[in-house]
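Shared between the two complexes below is chain A, which has chain B as its partner in the first and chain C in the second.
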Partner chain A sequence: MENYFVLPFTVGTVILFSILLVKYALWISKLSKIDKLRIVQSIFSRRTLSAIKECFMECLIHRRIFKRNILLGYMHMSLAFGWFLLIVVGHIEWVVYSGTFVTYPWNSIFFQYFVHESFPGEKIMANIMDFLLLFVLSGVLLAYFKRINSRMYGIKKTTKLKPRDRMTMCALWLIFPLRLLAEGATASFYHNGGFLTNSVGRFFEWIQISHTTEEILWWSYSISLGVFFVGLPWSRYMHIFTEVLLIGIRSTGVKLKKEFNSYSRIQVYSCSRCGICIDVCQMHISNISNNQSVYILKNIRDQNLTDRKLFNCLLCGRCEQACPVNINLNDLRISQRIRATKEYNSDYAFLKTLPVEQPVEDKTPEVIYFAGCMTHMTPGIKKSVLKVLEKANVNYQFMDKDKGACCGRPLMLAGQYEAAKKLIAHNREKILESGASTLLVSCPICYKVFKDDYELGQISIKHHSEYFLELVEQGKITLKKSDKSIVYHDPCELGRGCGVYEPPRNLLKMTGNLQSIQQEKVNSLCCSGSLGDLCLSMSDRNTIKAETLKVLLNQNPDMLATACPLCKKTFVKGVDIQVKDIAEIVAESMEN
Partner chain B sequence: MRNFGFATTKSRTVDYSKIDTRLIGYILENEPTFNACLSCGSCTAICSAGNLTNFNIRKLSLLIRLGELEKIHTEIDKCMLCGKCLLECPRGINTRNVIMLIKKGLTIFDIKDQE
Partner chain C sequence: MIDVLIIGGGIAGIQAACSLQDLGLETVIVEKEKTIGGHLNDWDTLFPTFRSASEVIDYYTEETRKRALTIYLNTNVISIKKVDEGVFEVQTSRDVLFRSKSVVLASGYQLFNAERKEEYGYKIYDNVLTSADLEKKFRRLNGQPFKTPTDKTPKRIGFIHCVGSRDEKSGNHYCSKLCCVTAVKQAIHMKQVCPEADVFCCYMDLRMYGPGFEEMYREAQEKYHVQFIRGRLSEVSENSDGTLQLKVEDTLAARPCRIQADMLVLMVGMEASKNTALFKQSCNLECASNRFVKPNDHHIGSNQTNVPGLFTAGTSIGPMSVFDTVNHAKSVAFAVNEYLKNSEL
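Showing the complex of A and B:
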């Protein structure tokens, strides 16, 4: 039989789908019972429809990558969407030709090899197919160029490859040029095919290629497909199918857990190594280029993640915000830290022996104020918060006035989850005991852990910017506007971490002229002081800080405002102008 | 003995050839900035855990340097990793990393507290 050349393709396809089936079944079976129930319950709901739409927009069109950079988006789209259409339209071509719907896949994939006679609609179909092939080829060409010059694609650095990845990538790069040549070779004998393959065919006719060459080309095409399919599950291209799985599971409401589980694994395998996260990471400023999220995900897959890489990250969330696959990069990294430090969590036995403080007055406070370690480091902020509370006549209790335990977020960031739970339980009890209806915090680091992990029920948790804005709106304090120009720095934990962008800005608009800057809100830069990083040296921190300050102070404002004691403390040591927390600004602008 | 209202510490000697350097070696290898510690005690003065207990991070780092590891475990477990010491340290030492390394080192070398 002369059709043996379809074997590499067929074997590759069978192997690929068997592996995918086994892997995915295993991953899904390892999800928690509740998560599995979620999936079963929402299979026939409207969520599935929106998931299908998302798959179309992200896995085929790559809308989010387009938003970042048009060229990069086009490259991803032409490869994914183009190939997808080649398969679909190729099948339609077979249906038009044979009148039957079901066939062996190789009949439509290698259509031009098998079908030489003409049939109604042949020319149109062939031309559409050629157009699609051209579309995909343009993407392949862009991919070649990206390896040579990634800057064109808005990406300064591109990922480093392993031999395994390189082999699969070469197979992918060869598939479509070989398809063009093979189809061209057949066209040189039978004059089938559209504008593109036919032109190649005419050239082949002119140089008079033999049937053996034609066979060799079809064999090569089939082999490149087979190699790509077999290599796919072990290479970065695993993301092609896994992203579909991820979108499906995510749409059912499954969330990442603290500890690394099989849903985390699905996220890890969904990374396309597009490299977008490498570029947004500020660590480059200090020439650190081995710890970015894409490398961490790769190390998790290859099981060779080192502590140094794992703990050298600000957890600023910039990469997570930019990731087109929406992988929860911060929590994923934290889950690895939890795994790495699991053996030595403290139990804070001393908390039980602390003397219980009796409240001075026995009336129930309306607000319980938790300053946190960082606010205690910046007495100016603490005093200002208290001043505002007094002025507005708020009935409050100062929870950690003299002796307070840490909120637990720094432990969380370091992966000390079990230890953090002990502090959380201790503080939670105090908060609930107070009877207050509002928990006021003046540090975004505390705010984040209170919001995410404390489960305080009815108690509303407020960052001081949110709370002070309410006080203004209720007329309990009034603010004086000055003509100072102010630039606001979004703290990572408050902005990207908790989505609070507007309240501080609204307050600043009431007290001065708020200038907007280039990189703000979701795109804001990290001050470099983050507790998320355990091993970044002070000099590296300072280098990163200097760059952030350049962006912030670009328009020479009179004052730099922030809403985090740690950001303030970090910036103060680097500038000549005033750096103030929103609490200090509000306290100073209050009318008597 | 008569009670003078104060006590003197027992005289002691340190034999440098017999110091247990496993832990300090491990820390310095992974966080070389710890070399620059001048035992100023700023970290201890500001410490959140020190505010709640008798935890003394400066003393602990001295004991570790001397290889006296009998009581490190219980003590280091009091640190809440809050990071105040990091902001206060005049030498820019990554104190939080030092603390994590102490914890990890104790686990690696299986060093337990002695009564």
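Showing the complex of A and C:
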């Protein structure tokens, strides 16, 4: 049989889909019961449609990468969407030719090898296929060139690749040029190609290649396909199929848990190692270039993650924001920290003995205020919050006025989940007992954990910037505007962490001249003071902070405003201008 | 052209000018304030002898008058430039360009801004002072009974060591070395003016390095019953009556504790003066990681800098006591003299 050359492709395909089937079945079976129920319930819902749309936009078109850089987006789109269309249109071509819908995959994949005679629509189909091949080849060319000059693609630092990835990548790089040559070789004998393959065919005709050469080229094409398929599950290209699975499962509402489970694994395998997360990482400023998310995910896959890398991260969320696959990089890292951490002797029995603060007035408070450790460390902020509450005549209870417990977020960031749970349970009880309808928080670090992990039911959790804005809107306080120019720094936990960007800005617009800066909102920089990093030295932090300040103070504002006590504390020692929390600014701008 | 331009009219600058004059060199002093004496003007008494700081200033004022030293007061130095043939051109706020063969930096230090350590509540709570504020209060006391800023007679007074020293988070990793003994001195002084009050100090280490210091420390404990708690202060909060609540760790007892106090004194550290950074830019002066001027040779040439002809006297190279400053200023005269003799100017 002369058709043996389809074997490498066929074997590769069988191996690939067997592995994928087994892996995916295993992962899905290991999901929690609730998650599985979610999936079953959502299969025939509108969510599936939106998931299909997302798969099309992200896995094929690569819309998010386009947003980052057009050239990079085009490269990904031409490879993914182009290849996808080659398969689909290739099958249509077979259907047009044979009139049957079902066939062996090799018949459509190696169509030009098998079908020499003409059929209605042959020229149109051949030209469409050639056009698609050209489309994919342009992407392959761009991929070659990206290895030489990645800066043109908006990427300064590219991912360091492993040998396994390199081998699979080389196979991928060879597939389409070999397909062109193989189809060209057949076209040199039968002229059954389109504009592109026939041109190559004419060249082959001119140099008079033999049928053996044609055979060799088809074999090579098939082998490169086979090698790529076999290598795929073991390389970064696993993301091609896993991302589809991820989008599907995510659309059903499955969320990442604190423990590392099979959904976490699906996220890890969805990483394409595109390297977009590398450039946005501020750690490079201190020459730390081995702990970026792409490497962490790679290490998780290869089970060789070191604590040093794992804990050396500000958890600012800039990589998560940039990730084109929308992987929950911060939570994944925290789940690994929980896994890597031994629980220390966290006996919080003494918390039971702490006195409970009584509300200011003798009735159920409307607001329960939790200042948190960081606000206690910045008494200027604490005083201002209380001043505003008094001024607006709010009936509040100061939950941790004297002997309060920590919110649990620092422990969570350090992977001390069990210890954090105890504090959370303690605080949760106190909050619910108070009967207040609003929990007011003046620290974004606490705010994040209250929102994510406290399950406070009907109680609305408000950061002081949100709450003060409400007070202004309700006319309970009035602010007077000064002509001071203000630049606002978005705290990571408040901005990217909880999506609060506008309330602080709206307040600042009422009190002064708010200037916008280059990197703000989702793209804002970390102050470097983050509690998320357990390894970073003070001097490295200072280097990172200096760069952040350069961006913030570029326009020489009169005042640097922020909404986080830790950011304030971090910046204060680095600048001469005033650094103030939004609470202080509001308290100072209140009209009598 | 003058022989030596001295930047700073504190005790280092004046002493350097006196010694240089003794060696027959012509000097000009530029001082940014309206009087000479620098930080010493704000101080009441000096360790370890409780001598009045004004006595020292009076001595230098008298010397200045006797020797008819040339001093430009209210004059800020904007830049120091070394031009051709090693001549220094010093631009000042008076629109006078000084040309000199050598320059002595006696521009001193500045105190750590305690507001940066916000958790200690300086300028937020009324009863939190710095060591410099307390000296000013002592100066104005004139035998009147001592009152806290909220006008009460204090019953418990705390001194907090290492505020802005040995504290990377506040940006200063180094030891200011004088705050320990200053705290002991001020604690004793406090006991002398308020014998009924309890006085305590929260410290990391007590660095009683100089002659008479250790004796003072013993006296503070034995005679004045000042309590020394080994551990840092974490945060301060204010009670409704204006008194303060301190969260401290007692590392010898290995437990956290809460202490009430009527008044708190923060022993602020010494930082390189802002002008040092300015000079660093204008004449490529090398500074150490603590931002003070880096001596060219720590052991046998601490007056020299990396710029030939540019010398230092006093605390521009790091925290120094009054007597160390005076000695350093005396030694700069010999260094400058040797330089001018060997140079071709």
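Here is the rule we go by: the second predicted complex is superposed on the first by the 577 of 592 C-alpha atoms of A that agree within 3 Å, B and C clash if a C-alpha of one lies under 4 Å from a C-alpha of the other, contacts with A are read in each partner's own complex, and residues count from 1 in each chain.
Rule of thumb we're sticking to: a contact is a pair of C-beta atoms (placed from the backbone, for glycine too) under 8 Å apart; a residue touches a chain by one contact, two chains touch by 3 or more.
Because the structure is predicted, anything quoted here is derived from the model rather than measured.
Superposition note: with chain A as the common reference, chain B and chain C are in steric clash. In the superposed model, A:Gln267 makes contact with neither chain B nor chain C. Legend: residue contacts after superposition of the two complexes on their common chain; A:Met377 is shown touching both chain B and chain C. Once the two complexes are overlaid on the shared chain, A:Thr548 sits clear of chain B and of chain C alike.
Once chain A of one complex is fitted onto chain A of the other, the partner contacts of A:Met538 extend to both chain B and chain C.
Legend: residue contacts after superposition of the two complexes on their common chain; A:Lys569 is shown touching both chain B and chain C. Comparing chain C and chain B on the residues of chain A they touch gives the larger count to B. When the shared chain is aligned, no partner comes close enough to touch A:Ser150: not chain B, not chain C.
Of the two partner chains, neither chain B nor chain C is touched by A:Ser224. Once the two complexes are overlaid on chain A, the chain A residues touched by chain B in the first and by chain C in the second are 376-377, 402, 538, 569. Every residue of chain A that touches chain C in the complex is listed here, in rising order: 376-380, 383, 402, 538, 542, 568-569, 572-574. Residues of chain A that touch chain B in their complex: 307-308, 311, 341, 343-344, 346-348, 350-351, 354, 373-374, 376-377, 402-406, 408, 410-411, 414, 416, 419, 423, 529, 531, 534-539, 566, 569. Across the complex, chain A is touched by residues 115-116, 118-119, 121, 124-125, 168-171, 173, 234-238 of chain C.
By the touch criterion stated above, chain B contacts chain A in their complex at residues 30-31, 33, 46, 48, 51-53, 77-84, 86-88, 92, 94, 96-97, 100, 103-104, 106-107.
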